[in-house]
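One chain, chain A, appears in both complexes that follow, with chain B as partner in the first and chain C in the second.
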Partner chain A sequence: MKRSLPLLALALAFPLAMQALDQLFYVSFASRVLIYAIAATSLNLVLGYGGMISFGHAAFVGTGAYVGSILVAEGVTSAWIGWPAALAVSAALAAIIGAVSLRTRGVYFIMITLAFAQMMFYLVNSMKAYGGDEGLTLPQRAELGFGLDLGNEMVFYYVVLAILALTLYGLHRLIQSRFGRVVVAIRENEARVEAIGLPVYRYQLACFVIAGAVGGLAGALLASHGKYVNPNVLHWLQSGTLMIMVILGGVGHLWGGVIGAVALLSLEHLISDYPIPWLAQLAPNYQQHANLGVGIVLLAIVLFAPQGIAGLLGRRRRARA
Partner chain B sequence: MLELRSLCKRFGGVVATDDVSLEVSEGEVHALIGPNGAGKTTLIAQISGSLPSDSGTILFAGADLTRKKHYERVRAGLARSYQITSIFRRFSVLDNLALAVQARNGSSFSFWRPVAAEAGLFDEARSLAEEIGLASRTETLAGNLAHGEQRALEVGLALATRPKLLLLDEPMAGMGLEESQRVIALLGRVRAHATMLLVEHDMDAVFRLADRITVLVNGRVLATGAPEEIRAHPQVRKAYLGDELAA
Partner chain C sequence: MSWILILEQSLNGLQFGLMLFLLAAGLTLVFGIMDMINLAHGSLYMLGAFLASTFVQLTGSFVAGVLLAVPATAALGMLLEVSVLRTLYARDHLSQVLATFALILIINELVRLVWGSDASLPMPAALSGPVELVPGLRYSAYRLVIIGVGLLVAFLLFVLVTKTKVGMLVRAGASNREMALAMGVNIKGLFTAVFGIGAALCAVAGSMLAPLFAVQVGMGENILIVAFVVIVIGGIGSIRGALVGALLVGVVDTIGRAFLPVLLGTFFQPRVASAAGPAIASVMIYLIMAVVLYFRPKGLFPARG
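Right after this comes the complex of A and B.
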């Protein structure tokens, strides 16, 4: 945790530097990265620590995004209502999806979480009152009060940063707690946890609900950030993107979600905004296929650093010590 | 203390447990022996609750546990060890035991307070480590222990739940002579405060520890009795013990 202080200082200074350089776009971009970091961190709780390979995390992020957006569209602009509401509705949805999915294991669990998320995707697609497949454009971001204008990119960035910091600290506490030990133990040896007298199902469900709730909050932030939401936020590609972030960053590592979000979104941005001349000559529209590059990097990570970037950094630190 | 009435279990066409009735009385060490494939492990799984029974009744300490879940039976005082070592390999020995103590001791729906701050859990885990002979190995990852040490931890995890009845599925499986002697000594100490149902192939251990023995063949109880009776039982000798004891 102490090691995180320089990172925090960097994150705090970043928008000031960008403002000085007159590059506010990057502040907004960084906010998006941090929101994805929250979402990926919540997935890392179920996937990395809990060992539950949920392929439907977009259901919770997307539901949170829609709950937040619908409330703003209906004139309930207070973030103090919208964000907790997004959190609560996503938690309730996670309780339902989890209650059914967690009765299955292995590939069935992967498929059933995916199926639930796709059901939500089609449900939202058919909500004509809220834009249907065209999505919903919001007149403004949510309002925080206290003189903090979330419409200001700087303010929005710092609010998101604060929520990410709280999420990480919460996860740090959670995995050291009794509950966290049980969740990790279930990942290691489910039958044995049952055999020492603990109801595996209940712990997994609670873990799933917590992750879903935090995912929902990330969704509400995401919708506020873009002042726009469309059904793609619930699409399975979104679930896949979050999974890639976790794998890239480090499965079951506190910083995995953050590192993965920063790495993946930066990589996408670099590939699509900074053309490589010789490659552009060879394949003129390669930049529209940024995912090809991302795929190659992911392949390299899985093959050469199965613990993700966090594991790679940890190994180097240990080697130096 | 434990009473099984007409317990059955079928896997497709194979009858693994065929109308087994059995009584384990309080304080005794009851050994369950039989040739490979006799259904000993299946029976242990049915009693512990990891495998549901097709029919029959399981009574334990006056309560009907037949429909209770595995973890509920553990809480009622029925713990098991596994034939194939089942421990938390990436946890230290101390963390393995502390988790099992935690499971018995208060709610684990505690999300904020670090476990490391709970001295009580680790004190008890340490004394358990001592009891099972792993006092010097508490910080070692369970996966890095020697085979015999892992088997001891396996028993330790069951002991940590403070069982009234301990179901031990071949605690000495794959052990050398010296390690076996250590486990026999451990079980000798444990019998002072727990009843045991012991599945074991090591006849030396069985005849040294058991007060009563039940012989299982093809999922059926062939005989139950004191060690001398079993030793003398003609059908048992024919079906299982063979020449080993005739010598």
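Right after this comes the complex of A and C.
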């Protein structure tokens, strides 16, 4: 935890530097990255610590996004209502989905979580009153009160940063707690935990619900950030992207979700917005095919760095010591 | 809602179900034998459709184009297996998901580079008209051909799996991989062959469905999930399960989309029915899957004892 202080200082200073350079775009971009970091961190709790390969996390993020947006669209603009509501509805949804899905194991669990997410995707698609497949544009971001204007990019960034810091600290404490130990123990050997007499199903369900709730909060932030939401936040490719962030960053590492979100979104941005001269000469419109580069980098990481980026950093540190 | 309409939609369901079966059969074999989650299976379906559109244009004949696209896709599939996927068998499911997700991105962009975002594959003119099956039911000749091709390929696959040596090895691999290995089965060659067969089936489905749906980048992603639903309902590794699951999903999905809005309309106001009908229809196959898994967590026909 101590090692995180310099990082926190860096994150605090970042928008000030960007403001000085008159690059407010990057403050907004960084907010998006941090929101994805929250979502990926919540998935990491289920995926990395709980060992439950959930392929439907977008269902919770998307539900949170829609709950937050619908409230704002209906005139309930206070974040103090909208965000907890997103959290609560996503938690309830996770309780239902988890209660059914956790009866299955392995590949079947992957597929049933995916199926539930697809159901939510189609349900949202058919909500004609809230935009249907065209999505819902919001007149404004949620309001926090206390003189904090979330419409201001700087303020929004710091609020998101605070929530991310709380999420990480919460995850850290959770994993250290008895609850966390049990969840990790189930990942390592479910039969033994069962034999000790602990209720495996209930622990897993609780873990699943916590992750779903935090995912929902991230969703509400995401909708507020873009002032727009559409059903694609629930698409299975979104679940896949979140999983990739976790795997890329490091499964079961405290910082895995953060590293993955920063790495993936920066990579996408770099490839599509910064032309490389010699490559542009070779293939003039290569930037329209940014996903090709993203795919190749991802593939290389799976093949050559199975522990993710956190694993790479950790290995080097250990080698030095 | 006459019985002719019901019969027509049932045929549509059968046609969709058979094509789903071709996709699901390859997927379930790869899944069951190699214990490998291959998200890129949908990309092979897309490649099959794009290749078919090119070959049909080059040869000027639909049949020749499809017959060329099938071995070409199979070759590409085997190339993919030998170059990348082979190294993933020993890895956990997470790595497989990530790697094959990366392959989706790569293949999508490569297709976009070669063909652009979409291609066209028109229906052969001779088959574009309807035929009168029974008095009063005029049914698309092309869809009948799809049903015929689907039944033929399903039969060939059945013979391959149950009557030949390769099929025996495949079944041995699906029911107990370690034992098959210990008995000296050439697993490497078998895996590549299975992957090639799976890719060929993808190409058949992709090129046959292409005139009905659009040939475009991303076409594989949605149908891939439906194929996954099929094999999970049927039981991973079971061809029989894939057939039952595919027909169930095909018929339920088609019938649901056609009749649910009407059916709901008899109980609710039209406005409610027209909003809820399509939503419930598109959710129905996932609902079936959730119910099946709730009662039979390993699917209808578990391949492993």
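Things to note:
By definition in this document, the second predicted complex is superposed on the first by the 312 of 321 C-alpha atoms of A that agree within 3 Å, B and C clash if a C-alpha of one lies under 4 Å from a C-alpha of the other, contacts with A are read in each partner's own complex, and residues count from 1 in each chain.
The rule is short, and it goes like this: a residue touches a chain if its C-beta (ideal position, glycine included) is under 8 Å from a C-beta of that chain, and two chains touch if they have at least 3 such contacts.
Computed from a prediction, not measured in an experiment: that's the story for all the values here.
Of the two partner chains placed by superposition, A:Tyr169 touches none, neither chain B nor chain C. In the superposition on chain A, A:His289 makes contact with chain C only, while chain B stays out of contact range.
Of the two partners chain B and chain C, more chain A residues are in touch with C.
Legend: residue contacts after superposition of the two complexes on their common chain; A:Pro199 is shown touching chain B, with no touch to chain C. Of the two partner chains placed by the overlay, neither chain B nor chain C lies in contact with A:Trp80.
In the superposed pair of complexes, A:Phe25 makes contact with neither chain B nor chain C.
Applying the stated contact rule after C-alpha superposition, one finds that A:Val251 touches chain C and leaves chain B untouched. Once chain A of one complex is fitted onto chain A of the other, the partner contacts of A:Arg181 are limited to chain B, with no touch recorded for chain C.
On chain A, the surface touched by chain B in one complex and the surface touched by chain C in the other have no residue in common.
The part of chain C that touches chain A in the complex is made up of residues 31, 37, 39, 84, 87-88, 91, 93-95, 97-99, 101-106, 108-110, 112-113, 221, 225, 228-229, 232, 236, 275-276, 278-279, 282-283, 286-287, 289-290, 293-294, 297-299.
Against chain C, in their complex, chain A makes its touches with residues 47, 53, 55, 100, 103-108, 110-112, 114-116, 118-119, 122-123, 125-126, 128, 236-237, 240, 243-244, 247-248, 251, 289, 291-292, 294-296, 298-299, 301-303, 306. Within the complex formed with chain A, the chain B residues making contact are 48, 50, 69-71, 74-75, 79-80, 82, 86-91, 95, 99-100, 102-104, 106-116, 118, 157-158, 160-161. Remark: chain A residues 173-174, 176-182, 185, 188-189, 191-200, 203, 206 touch chain B in the complex.
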